[in-house]
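So that you can tell them apart, the chains are marked A, B and C in the order they are listed, and the count of residues begins at 1 in each.
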């Protein structure tokens, strides 16, 4: 019973905050609600026994990705009235596309079927949670069966990083940078000079 | 132990790309030319590797990666396209002040992505390959970052590309939801077993998957990005876009529809026919009013994809052979055309209007002849290569009983011939305006001459291409 | 009804009692940490420090707390009220919930979860939200600048902390904190993984916004950074949160590298002392270094801070992960589960 209560708590808060993400007037609030939604999703994962996924969700999405979101959104200067101006004009088209997609989804869900032998073809069977922690289980398939996808995803991230730098990094001329090696390599002989100063003479 | 042998070309290329990236990081922009040449060398080596590891059909890396004659054929085309893309950019980038080592590196990464697409044998492998390719291409499209049009092209490509990836993933998840697997081999078995009771959801999944892929090959009605991106991106990038990624995307399109969903040919044939007809019509009619040569080439490429898809609609071995021949020839014709477009320079400034070609025959007869050959070939006039491409595809359509499709194909070719021949007319019968700058850059000239000669002389010795395409098509249906 | 009470009420009461058993000493520790900070820094600077309220000034922290409690909470007129008030509460809460998984002795832990270290990592990565929210909602440029600095700084140093944790995990083969401590039965990890220990401690300084990485507060340039607009209890909550985050980081350092509750040698005089005492002693030692560093080192410049995080710690810790994994594989010491 406690489990059910907690589930509905997490699920309810998650759905509510997801709704707030798109309806909040202030984009910073939207992002904060998004974070709340992530957090509740992590809670649901824990409830399912997928503690590793839950923690990774918090570390990666809440702890890193959403921070950067928030970072950017806070610094944007958005005129909300202007943003909402075209709303009514685009509403019919948007609503139509949404309705078509909804109708399709209902059609699919209504006529859904699993392939009769799905249990035998399922890609990776779930190991017994009593003997293997889910960190181990995930690690085992990620670095063996899915090593190809894993490495390829690494390449995709590398390209994303290279791309961001290529498009955004600008070398500004005339910036004086700190040269740590030169600073450390300086010896006493070349930087300090002991001068015997006579009274009333100056240096 | 992992058997990595079939994936060696991709691994070598990935290591090379990263090594060149390091070189570029440490040596700075001065290394741009060196990196490009090394990349070309690397592409050559990888091509040899591809030929030496291909042979019988092998599945490795948990059946996610497949090598067969089909993959080898398409990979060679991809490598040729990428090499042409880099070679054509060498002097252009330098002249336009965008010579940076990352260009060649990103093209190499895109090439790895394309090779992974060609060899994909799993929905996940398909997606990561596609993303690797697309992500590199988005960046390359915006490579001239100080130009508004180039960045706009990159952004537009990115947003629409992300949308199409989303559709593709949606389709893939519907299919996975039914079958519980992402592997093509297992999917094919399931489709055979349940051929008469395929739920609506899977059909929807295939539709979404096909829509996503149609977007990547820029087939109508998912072509919206093509003209803008082709126009805005730097010209060598446009040339690269119009050849290499097309090869990979069409290879993926073929493999996905023929291998796992082969048993459902009756279901997806209508989609492919619809896309093909729409692309041919759009390619023929929308191009007529274009004044910018790059935009014209965008519509022309949409039309060509339409013709190629006729072969897929046939859905049999002859059809696939037709596509493969068509795509190979398309690669050379397009390389030749873009080679000429890259020579369109007046007083150090690139020009892009079609009317700038007026009277080219009098100022630069050789260049005019090359473009005329390319245009005649694209229009499908015998005995140039383009004619044979269309011939094989239409033959396949007729033998599969798709008469309407073949007739529409022929009719739209006639319409398309109008604007191809208009360019020839401009060059040969109009008064010259201003002569283009000389000399033509050496690497560009090599690409231009090579591809023009291929287009011109293909009819004399079509054997190797036709037999290897036939072998590739057979490999696809053998498994 | 009685069944319900025994089934749910009793466990709930036990848990509440356990929580209080952790939180109350923690808050007392925070109070005396502020006192210790002033005393230690005073000693280093040849001053006396607080010595008026109570014997040796021992009641000083309570006097300070009382003062903050009875002051008025000022909310700036341009502030975003809800976020402004939520920020300190969040900071304080996060610094408390992390203690749920800290083992004080073998089996003496509130929640012995499998992914304990990841939980700690996740909670400490959430700490940045309190700061960002405070900086943004205050509607003040100093607060905002402080928040931006802090966000960039914490995200940067989290990366190297992550890699340090990975090296430790490689040596342990488990993410459970008790397992991590027990794996140090023979040798504490700060000996074989000494460079990682240093990186972790320095990153912990950055993560808690402590000197010499206290740029988000930077009183000489940002007047107090993200909490410049806070007063009274809302300020006190920030203060408590920050100091208990320090204690938490010290606890993490002890668990990951200093053998948690284990005595240095498992022989007669050492193993008479109970584990929690050892644990507290190690935490106190780490905290002393926190204070020592504050009294000794000048503040980093922002570009130097970023350079250290991204160009020194990140490549080095990445390299060390590879080296550790390689050594473990080559020698066959890798723990197998």
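In the analysis below, a residue touches a chain if its C-beta (ideal position, glycine included) is under 8 Å from a C-beta of that chain, and two chains touch if they have at least 3 such contacts.
The structure presented is a predicted model; accordingly, all values stated were derived computationally and were not measured.
Asker: Can you tell me, using the touch rule above, whether these chains form a line, ring, star, complete graph or other shape?
Answerer: It is a line, because the chains touch in a row without closing up.
Asker: Across the interfaces A-B and A-C, which one involves more C-beta pairs in contact?
Answerer: If we tally the C-beta pairs in contact for A-B and A-C, the bigger total goes to A-B.
Asker: For chain B and chain C, what's the span in angstrom between their mean Cα positions?
Answerer: Roughly 55 Å separates the two chain centres.
Asker: Mind checking the centre-to-centre distance between chain A and chain B? Centres are C-alpha means, answer in whole Å.
Answerer: 33
Asker: Between chain A and chain C, what is the separation of their C-alpha centroids in Å?
Answerer: The mean C-alpha positions of chain A and chain C differ by 24 Å.
Asker: Going through chain B residue by residue, note those that touch at least 2 other chains and give them in order.
Answerer: Within chain B, no residue touches at least two other chains.
Asker: In the complex formed with chain A, which residues of chain B make contact?
Answerer: Those in contact with chain A are residues 2, 7, 14, 18, 21, 61-62, 64-65, 100, 102, 105-106, 109, 112-113, 116, 124-125, 128-129, 131-132, 135-136, 138-139, 142-143, 145, 151, 154, 174, 177-183, 186, 189-190, 193-194, 197, 199-201, 204.
Asker: Mind pulling up the chain A residues that touch chain B in the complex?
Answerer: Contact set of chain A toward chain B: 104, 107-108, 111-119, 121-123, 144-149, 152-153, 155-156, 158-160, 162-163, 165-167.
Asker: Can you list the residues on chain C that touch chain A in the complex?
Answerer: Interface residues on chain C, with respect to chain A: 8, 80, 83, 113-115, 118-119, 121-122, 125-126, 128-129, 132-133, 136, 144, 148, 151-152, 155, 158, 162, 175, 303-304, 307, 337.
Asker: Which residues of chain A touch chain C once you look at their complex with the stated criterion?
Answerer: Of all residues in chain A, those touching chain C are 2, 26, 28-29, 32, 35, 51-52, 55-56, 58-59, 62-64, 67-68, 70-71, 74-75, 133-136, 178, 180.
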